[in-house]
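Chain lettering (A, B, C and D) follows the sequence in which the chains are written, and residue indices restart at 1 in each chain.
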Amino acid sequence: MNPDVARQVSALRETVSRLHRELTRYDLVAWTAGNVSARVPGQDLMVIKPSGVDYDDLTADTMVVCDLNGNVVDGGGSPSSDTAAHAYVYRAMPEVGGVVHTHSGYATAWAARGEAIPCWLTAQADEFGGEIPIGPFALIGGDDIGKGIVSTLSGHRSPAVLMRNHGVFTIGKDARAAVKAAVMCEDVARTAHLARSLGQPLPIAQADIDSLYDRYQNVYGQRPASG
Amino acid sequence: MNPDVARQVSALRETVSRLHRELTRYDLVAWTAGNVSARVPGQDLMVIKPSGVDYDDLTADTMVVCDLNGNVVDGGGSPSSDTAAHAYVYRAMPEVGGVVHTHSGYATAWAARGEAIPCWLTAQADEFGGEIPIGPFALIGGDDIGKGIVSTLSGHRSPAVLMRNHGVFTIGKDARAAVKAAVMCEDVARTAHLARSLGQPLPIAQADIDSLYDRYQNVYGQRPASG
Amino acid sequence: MNPDVARQVSALRETVSRLHRELTRYDLVAWTAGNVSARVPGQDLMVIKPSGVDYDDLTADTMVVCDLNGNVVDGGGSPSSDTAAHAYVYRAMPEVGGVVHTHSGYATAWAARGEAIPCWLTAQADEFGGEIPIGPFALIGGDDIGKGIVSTLSGHRSPAVLMRNHGVFTIGKDARAAVKAAVMCEDVARTAHLARSLGQPLPIAQADIDSLYDRYQNVYGQRPASG
Amino acid sequence: MNPDVARQVSALRETVSRLHRELTRYDLVAWTAGNVSARVPGQDLMVIKPSGVDYDDLTADTMVVCDLNGNVVDGGGSPSSDTAAHAYVYRAMPEVGGVVHTHSGYATAWAARGEAIPCWLTAQADEFGGEIPIGPFALIGGDDIGKGIVSTLSGHRSPAVLMRNHGVFTIGKDARAAVKAAVMCEDVARTAHLARSLGQPLPIAQADIDSLYDRYQNVYGQRPASG
């Protein structure tokens, strides 16, 4: 690794390690489930969580560097058992700089029913541009999960996919954006669940969804977008 | 700014910054969503949260001072993307000294169905004087949200409005009172949701609601009111 | 106050202040709602939370000492707005050494429907000896709430009553026992809610409830009872 | 106790004490309910939580050492009131090195209805190999609970059993594995509850469940398995 890449990798180890705290802060993960990765910009490399390490014990040093076929390039431990899915996404979607996976409860409940989350909230229109879609059932261990993520999200506004009977994968221009999408996906899934459990939520007109999404992504694109 | 106003602004920067901690403590907000503002008493100024800054990074210095048309008067960052709505409320309702906005989940679930929260709890009668009303659907980016808040809350006992498909806005004589209303709104929305989900809650007689509200607002007006 | 009583009061100020932390730890209270009190053994005195003080700011010194008619004997602030109800219980039930009041969400949801919590859990049989009963609707400001608590709990196994459309009051031999009952009441109310929301929970035979209650209260009476 | 056993016991006191923090971190327990134990490898001894001690006050020193009939061998306090059930499991299942008991809410809600948790999630297939089964109703105080656990889990893939109207018992090769099973049991119980409450979740084909379970237990058996 040349010194410039080494510096990038070193900074991303720190970033990826710290972003995992958002997964526990928002109760998106139990035990050692869930993982965040980041592409090393301009390189065929990614930084990802190690497998089976407690969240309290994650540090920059424990992160694992892999190539985009999931082979370990730097790091003592095994990479996340979901590394193949992350790697597939980076290979297929060059615009993606970060990937997150969780089994967050409300979103995964929609996934267990195989139901997309309809767009009943302006915050969902902002961040997801409409419904949050369902991806196929896929077994771990090959490229099936990666393919399911990519086929569902390619050309879709949503940065989140609910993989059937499994959980959530989110993408973003960088790891922080993917973590934000994972946090907002669970927040939206929860509110939509609560709304639906006492009756039929009101739809938002497609033109209003389009307008909200356009403004949030474009008008606000020049500066921090929310809050 | 003359020294007296500068001192007031300085104190309100601290107050508004710290009140945001109540939004995270009570899980009313995800990521950078949600915001608190305070009117500078006697001035056409307000202090409000900056846009897109992490809750952990909010300090008195990062708060933004705007005039009541939403133009930045002091502060390096952009003000909250909801600044126009806060500003509209301060212009239209001179008795209001604080405004809070959240997408807190249970309250927003009622908003997604377009249903006011009926008054099934004595704590709701105390704080809200009856049902918590629904405001119209409104797009961000102009005065529509502000107008919807003001038209719903003017002459209404409730300091909270559920904006359809969107979230909660609360008002108060100062920022702390508006934060209290936001906390209590979610608490009431949650208990009402839980009560309704297993059957039909019992109504409280209007005369009892009136009596509870009157006592809480007036008899207890001379000293701290609750707990 | 003679020195012995002063020492007792001083210790109870500390105990009562610290027990309030359990109310926030278990999310039983929002904002300044909820309160704990303790009888000063052998005296017509009680130590109770001050009104409208933030949970973070509660200290031994801020607790208020009242006689059993609710008149302040020692302490700078106003006592809890629920002081009259606590005082009534101490006057009517000499075996009671501690009282707790909360609006904890799941328990209050049962209260809003006016439904007692049926005994579907062995933990409920242990602590409550059967169902957790409903008390009457009562307005604050006189003895009505106190009377409702006492008439419901006198001769009943349960140390908790769900006051209709209002919230929970619990009693105990001391303040810690009353806090435990408040924590367990919400825990049982939540599990019973969850169980009931997907079908009909299975009843426990009355003889088994009696056996569990007897063992927990008597066999375990000689030593710490649970866990 | 010979010095080698004393060293083992000392290390297990620390391990068992610290593992209790996971029960509070994941909100699996209220007040002093819930307990973790570990078998002392190669000895007819176990280390278990004391009865009725606050979670904040648990230390290695307060843990109790018992023989496998539940008699105290070392330690000042009384062992957990569930000691007989733990001891029975260790006597009957020599491969078990750790046992955990909780009343975690979502899992206990399934137990109150006497319903096994169907396998709707890949994470459940991984960890539990299919449904999480229901055990019989059993009274505390003899061997009935232990017998119910053993008869349900012997020959079953699941390390967790939902004891009817009571709560969860989990087993593992060591205490940490049993704690993981308790955490995952509540996580799965919650997501299954949420999924079922808005419709009928989709089944996972038995061959896929078998494949997921086999991979998680065997392929990943050589190295940390999850995350």
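Just so we're on the same page, a residue touches a chain if its C-beta (ideal position, glycine included) is under 8 Å from a C-beta of that chain, and two chains touch if they have at least 3 such contacts.
Listed by chain with UniProt protein names: A, B, C, D = L-ribulose-5-phosphate 4-epimerase.
Bear in mind that the values here come from a model prediction, so they are computed numbers and not experimental data.
**Student:** Quick one: compare the interface residues of chain B with those of chain C and tell me same or different, with half as the dividing line.
**Tutor:** different
**Student:** Calculate how many whole Å lie between the centre of chain A and the centre of chain C, each centre taken as the average of the chain's C-alpha atoms.
**Tutor:** Measuring from centre to centre gives 44 Å for this pair.
**Student:** So what's the Cα centroid distance for chain C and chain D, whole Å?
**Tutor:** Computed value for the inter-centroid distance: 31 Å.
**Student:** Where in chain B do residues touch at least two different other chains?
**Tutor:** If we look for residues of chain B contacting two or more partner chains, we find 197.
**Student:** Pairwise, which chains touch?
**Tutor:** Touching chain pairs, listed by label, come out as A-B, A-D, B-C, C-D.
**Student:** Write out the stretch or stretches of chain B touching chain C in their complex.
**Tutor:** So the residues of chain B touching chain C come out as 26, 120-123, 180, 183-184, 186-187, 190-192, 194-195, 197-202, 204, 208, 211-212, 215, 219-220, 223-227.
**Student:** Mind pulling up the chain A residues that touch chain D in the complex?
**Tutor:** 30-35, 49-53, 77-78, 80-81, 103, 105-106, 108-110, 112-115, 137, 139-141, 164-167, 193, 196-197
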